[in-house]
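Presented sequentially are two complexes of subunit A, the first with subunit B as partner and the second with subunit C.
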Partner chain A sequence: MRFFLCRIVHGAFLLVGVSILSFAMIELAPGDFFAEMRLNPQLSAETLAGLRQQYGLDQPLPVRYLHWARSVARGEFGFSFAYNTPVAPLLWSRARNTLLLTVPAVLFAWLIAVPIGVGSAARQGKWGDRIASSGITALLAIPELLLALGFLLISLRTGYLPTGGMLSVGFSELGWWEKFKDVTAHLAIPVAVLTLGSLPILVRHVRATMLEVLQSPFINAARAHGISSRRLLFRHVLPAALNPLISLFGFSIAGLLSASLLVEVVVSWPGLGPLLFEAILGRDLYVVIGAILFSTMFLVVGTLVSDLLLFAADPRIRAQ
Partner chain B sequence: MKPSQPLLEVRNLNKTYVQRRWFSGKRFQVKALDNVSLTIPQGSTLALVGESGSGKSTLAKCCTMLEEPDSGKIYFEGSNLAVMSQQELRRRRPQLQLIFQDAASAFNPRFSAVEIIAEPLVIQRRGSNGERRKRALELMEQTGLPVEAAGRLASEFSGGQRQRLAIARALTLEPKCLILDEALSGLDLPIQRQIVRLLLELQARVSLTYLFISHDLGLMAQIADKVAVMYQGKIVEEQTPADLFSKPQHAHTQALLAAMPVLGNCTTAGGA
Partner chain C sequence: MIKTSTISLPLLLLGFIHLMVLSAGFLSPYDYASQNRALPFAPPTTIHFIDSHGEWHFRPFVYGLLDQPGSFGFYNEDRKHVYPVRFFVNGDEYKVIGNVTSHLHLFGVTEPARIFLIGADGYGRDQFSRLLFGGQISLFAGLLAASLSLVVGLGFGVVAGFYGKWTDEIIMRLAELFLALPWLYLLFAVRAFLPLHISPTAAFMLLVLVIGLVGWARPARLVRGIVLSAKERNYVLAGRNFGASDLYLLRCHILPQTVGVVLTQAALLIPQYIMAEVTLSFLGLGVGEPAPSWGNMLASLQQYHVLISYWWMFIPGVALIPVFLSYFLLANALQKRLRLG
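Moving on, here comes the complex of A and B:
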C-alpha cells in the first residue's frame, strides 16, 4: 500500500517536472501565437503588444508558469489563443474521441496477438509458425500511414465504409441504434489500421517470451509428469511469460492518447491528433502543453496499472 | 528383492546434436549418444558415471522421452517408448520419473512448495485437493523438509532444500523407476545420507528401480548394483562396483578412479 502511495507522489512530481520542461522547451522555439499577425498590415504593433499583454505573454517565464499552474489548479489548464476557451474542456472532448479510437484498437490488438503468439511459440519452426511469423514480419514492414491510405482507397472504390470523419451528416436526427452503427462504421478503418499497426510488435513479444519460458527446465519437469499441452501452455508457460507482457500492456495504456495521432490526421478523425497538429503549427502554447501533460498522465496511470497487474499476477512480488 | 526381468532397457540409442553456423554454413556435430545400450533389472540400481559432457544427461532425457533419440529403442516394462503415441506416453510417464540436475530452475517460480509437489497429481488428475495436499506434506516430511515451509516459493528455499523438493516431487506419482541426474551432488553429507537412506528404504519396500547419474564414484560404490562408465557418448565399461574398483578395464575408468580424492593418502584409489 505504501508502495502505491509512493508511486502516486512520484507520478505527481513527474507531472510537475514535465510541465516545467515543456514550458522551457517551447520558450526556446522562436515566435509565439501572435508572431504571424505581424505580417498583417491592418494590425499595428501597438495592437499586437496589447494582445500579448492581455494574454500575459509579456511576462517573464516563471510568472507565466505560476499563472498557468494556478489555472491548472482551477482545472482549466491554461487558455487556448486559437479557440478562445480554456484548454481543459477543449482537450477533454477531443481526448474522448481519441480514446474511442484507441481503446478498442488496443483491446483488439491484444486479443489477436496473444493467441497468435502463443500458438506460434507452441509450434516453433513448423508451418503454422512460419506462416504466422512471415505474415507478421511483412506487416511490421508496412508503415501505418500506408495501411491507412490503402484502406481509404479500398473504401473509396467500394463505397462500403465512410472514408473520414466521425459522424455522418444528419447524425443528430438518427435513432440511437443508427447512431451506434454510424460511429462504428466510421471507426472501422482507423481501428483496423491501429490494430494491424501494433499487432506485429505484440505478437513478436508474446512469441519470444513464450519461447524463452518453454525452454526452461521446469517446463521439462511438467512434461515428464505427463502434462497435456493445453495445461502446459496456459497453467505454466503463459503465467511465467506474463511479466514482460504486462509491462508492455502498461505501455499500451500510456500510448492510448498518442498512438493514433498520425492516423487521426489521415482519416480526419476529430481527436487529439489534428488539434495538436494545428496547435503546434500555430504555437498555441497551452494546448500543446496540456496535451503533453495529458499523455504524461496516461503514462503514469499506465505504469501504475501494470504494477498493480504484476502485483496480482506474480506471487513473488506479493511476497516482498 | 531379486533382480528379475529388466524394467528399463535401452538398445542402440543414438542422439546427435547439430549446430549450424549462420554465415559459413558449417555444421558442428556433437554425438551425445553413440549406440548406447543399457539394461536395468527391476529393483536394482545402475550408476552412470562419466565426465561432464559425456552424454549422461542426454541419456537421462532420452530415457524419459524429453528428448527424442535419433534412433534406438527404449523399452520400459517391455514396451518401446520411442514409438509410442503422445497419449500413450503421457499415460506411462508417471511410472518413469526424472530428477533434474539443476534444482534451482526446475520449479515453476510461481508455485509454493505444496503446489510444486502436488502438481504431478493434478496433472494426472489423481485425488481431491485435500488428498493431494496431504500427500505433498507427507512427502515433505519424508524428505526432511520443514512442513511449516509448505507455503513458501521455491526461490525461498536453500539449494539443498530445493534438491529435496525435487526428489519429493519425483516421488509423488509413486514411480517404478527413478532417474536421478546428479540429484545428490548439491547436498551436504548428512542430508545426502538421509536421502540415500530414504531411497534405499523405498527400494526395499516397493522395489523401486534407480538409474543414478553422478560423478561421485565413492557414493556409487555404496549403493549401486552395477556401475556403467560413459565416455564421449559411449558406454565404455559396465561392472559391479567391486570389480570396477579392483580391476578397471577402460583407460578412462582408470583416469576417473585416479582422480578420486582420497582422505589421508594421496595414492590412487586401489581397493574398494
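Moving on, here comes the complex of A and C:
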C-alpha cells in the first residue's frame, strides 16, 4: 500500500512540476492572446490594457501561477480567452474523446502484438519469424501520417467508412444501437492507424523478451519434462517475460498519446489534439497548459496502472 | 534476405539520399518557388521516344499540356509540338555554396513546355524540385536537432554522472520531468509560446532548437548510466590516484565509452526528429511557404479533393520510408554490434 501512496505522491509532484515548467515557458515567450488584437484599429491601447488587467495578465508570474493554482483547486483550470469559459469543461469532453480513441488502440495493439511476438520468438530464424520481422520493420518505416492519409484516401474512394469527425449529421435522433454503430464506424480509421503505428515496437519488445527467457535453463528443464511447446510458451515463458512488458505498457501510452495528437488532427477527431492545435494558433495559454496537463495526467495514470499490474503479476514485488 | 547486422547498406543508402538532396540545385530542373499558374496539379510528365507519326526519336521528348475542357487540374497532351529533353542546360539560378551561384541543371526541356517528373502542386510548382529542396530542410532539421540533443544530453549526462550528488539529483529530476510528458505535446507547447509568423530560415533554426532541446533527457539518462559505471572502473580510479585531472579522465577514459550509446541514440533520434519537423510543418507550425519541406508539401492533402485526385502529392510522405528504413536498420546493426563487442 505504501508503494502506491508513494507512486501517487510522485505523480502529483510530476504534475506540479509540469505546470511550473509550462508557466516558465510562457514567461519566456513574446506576446499573448491580446497581442494579436493590437492590430485591430477599433481597440484602443487602454481597452487592451483593461482587458489584460481583467484577465490578470499584467500580474507577475508567481502571482499568476498562484491564481491559476487556485482555479485548478476549484476545478476550473484557468480561463479560455477564445471560448470565454473556464477551461475544465472543454478539456473533459475532449479528453473523453481522446480516451475513446486511445484505449481501444492500446488494447488492439497489445492483443495483436503478443501472439505475433510470442509466435515469432518460438519460431526464431524460421520462415514465419522472418516474414513477421520483415513486415514489422516495413511497418516501422511507414510514418503514421502516411498511414492516416492512406486510410482516408481508401475510405474516400470506397465510401464504405465515414471520413473525419466523430458523429454523423443527425446523430441525436438515432437509437442507442445506431449511435454505437455510428461512433464505431468513425472510430475505425483512427484506431486502425494508431494500432498499426504502435504495433511494431510492441512486437519487437515481446519477441526480444521472450527470446531472452527461452534461453534460460529452467525452460530447458521444463521441456525435458515433456511439457508441450504451446503450454511451455504460454504458461512458463510468457509469465516470466511479463515484467518488462508491463513496464512497456506504461511507456506505450506515452507514444500513443503523441501519435494520437497528429492522427486526431488529420481525421478531425474532436479530441485533445485539435483543441491544443487551435489553442496554439490562437495563443489561448490556459487551454494549452490544460491540454498538456491532461496528457501528462493520462501518462501518470497509465504508469500507475502498469505498476498495479506489475504488483498483481509479480510476487517478488508484493513481498517487498 | 538482408542481414540485419550489416552497417554498410543503410549507410550507403543514406549517403545516396543525402547526396541527392544536397545537390538539389543541380539535379532539379526548376527553382523550388517558380510557379506555373496555368498548370495547377499537372500530372507527372510522360517522356516519349515515339511521336504521333510513329517516328522514333533518339533523344527523348515531351509534349505540352492542354486543359481538359470543362475541368480543373486535368490535362491532355498537345501532340502538335515536340519538346526534346536536354541535358546540362541553363535554367533558374541556384546557390552552390554560400554566395557561389550557378545556372547549370542536369536536365530540362525547351520552353514553354515543362518537365514535371513527379507532377506539380497546386501552384504548378515542380514536385521533383521541391522534393529535393524540401529534403534539405526536413532531413537536415532532423540531423541537426539530433546532434543538438545529443550534445546537450551528453553534457548533462556526463556532469550528472561524473560529479554526482546534488547536480545529479537536480539534472535527473529535470530529465524525469521532460520524459514524463508525451513529447509531441511538449514540442507543441514549446512551439506554442514562440512567434508563429516568421521567415523560413528563422523557422528552420527555431525548429532545430526546439526539437533538439526538448529531446535532451533520454540521451542524458543513458550517458549518465554509462559514466556512473565507467568512473568506478579500476583504471579510472588508478588514473585519478596518479593525479589525473577530471578533464583528462573524462576525455581519455570516460567519453570514449559513451560513443556506442551516442551513435545508437543518433540513429534512433534522427528519424523521430525528421518526423517531428514533418508533423509541425504539416500542421503549419513549422517551415512556411514558399520554402518547401516534406511536411508542408504534404499539407495540401488536408483538402479532400487533392487527397482523392492527385496521387503524386503523397510522394514526400513515401520518400520518408527509405530514410526511416535505413535509420532503423542502422540502429539495429549498431545495437547488435554493441552487445557483441
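Note that the second predicted complex is superposed on the first by the 312 of 320 C-alpha atoms of A that agree within 3 Å, B and C clash if a C-alpha of one lies under 4 Å from a C-alpha of the other, contacts with A are read in each partner's own complex, and residues count from 1 in each chain.
To be clear about the criterion, contacts are C-beta pairs under 8 Å (C-beta built on N, C-alpha and C of every residue); 3 or more make two chains touch, one makes a residue touch a chain.
Because the structure is predicted, anything quoted here is derived from the model rather than measured.
Q: Will subunit C clash with subunit B on subunit A after the two structures are superposed, or do they fit?
A: fit
Q: So in the superposed three-chain picture, is A:Ala319 touching just subunit B, just subunit C, both, or none of them (first/second/both/neither)?
A: first
Q: Between subunit B (first) and subunit C (second), which, if any, makes contact with A:Gly159: first, second, both or neither?
A: Touch partners of A:Gly159: none, neither subunit B nor subunit C.
Q: Between subunit C and subunit B, which one touches more residues of subunit A when both complexes sit on the common chain A?
A: So, of the two partners, C touches more residues of subunit A.
Q: According to the stated criteria, A:Gly125 is in contact with first (subunit B), second (subunit C), both, or neither; which is it?
A: In the superposition, A:Gly125 touches no partner, neither subunit B nor subunit C.
Q: Looking at the overlay, does A:Gly226 come into contact with subunit B only (first), subunit C only (second), both, or neither?
A: In the superposition, A:Gly226 touches subunit B alone.
Q: On the chain A superposition, what angle, as a multiple of 10 degrees, is formed at subunit A by the C-alpha centres of subunit B and subunit C?
A: About 90 degrees, rounded to the nearest 10.
Q: Taking the superposition as given, does A:Ala240 touch the first partner, subunit B, the second, subunit C, both, or neither?
A: first
Q: Based on the superposed arrangement, let me know which partner A:Phe218 touches: subunit B (first), subunit C (second), both, or neither?
A: The first partner, subunit B, only.
Q: Note down the smallest distance between any C-alpha of subunit B and any C-alpha of subunit C in the overlay, whole angstrom.
A: When the complexes share the chain A frame, the smallest subunit B-subunit C C-alpha distance is 6 Å.
Q: Would you tell me the residues on subunit A in contact with subunit B in one complex that are also in contact with subunit C in the other?
A: None.
Q: Show me the residue ranges of subunit A that touch subunit C in the complex, using the header's touch definition.
A: That would be residues 14, 17-18, 21-22, 25-26, 28-31, 130, 137-138, 140-143, 145-146, 149-150, 152-153, 156-157, 163, 254-255, 257-259, 261-262, 265-266, 276-277, 279-281, 283, 288-289, 291-292, 295-296, 298-300 of subunit A.
Q: Given the complex with subunit A, which residues does subunit B contribute to the contact?
A: Counting only subunit B, the residues touching subunit A are 61, 64, 66, 89-94, 97-98, 100, 102, 105-110, 112, 119-120, 123-124, 153, 155-156, 169, 173.
Q: Applying the document's contact rule, which stretches of subunit C touch subunit A when the two form their complex?
A: My answer: residues 1, 173, 176-177, 180-186, 188-196, 275, 278-279, 282-283, 285, 298, 301-302, 304, 307-308, 314, 317-318, 320-322, 324-325, 328-329.
Q: For subunit A, which residues are in contact with subunit B within the complex?
A: 216-218, 220-228, 231, 236, 239-240, 314-316, 319
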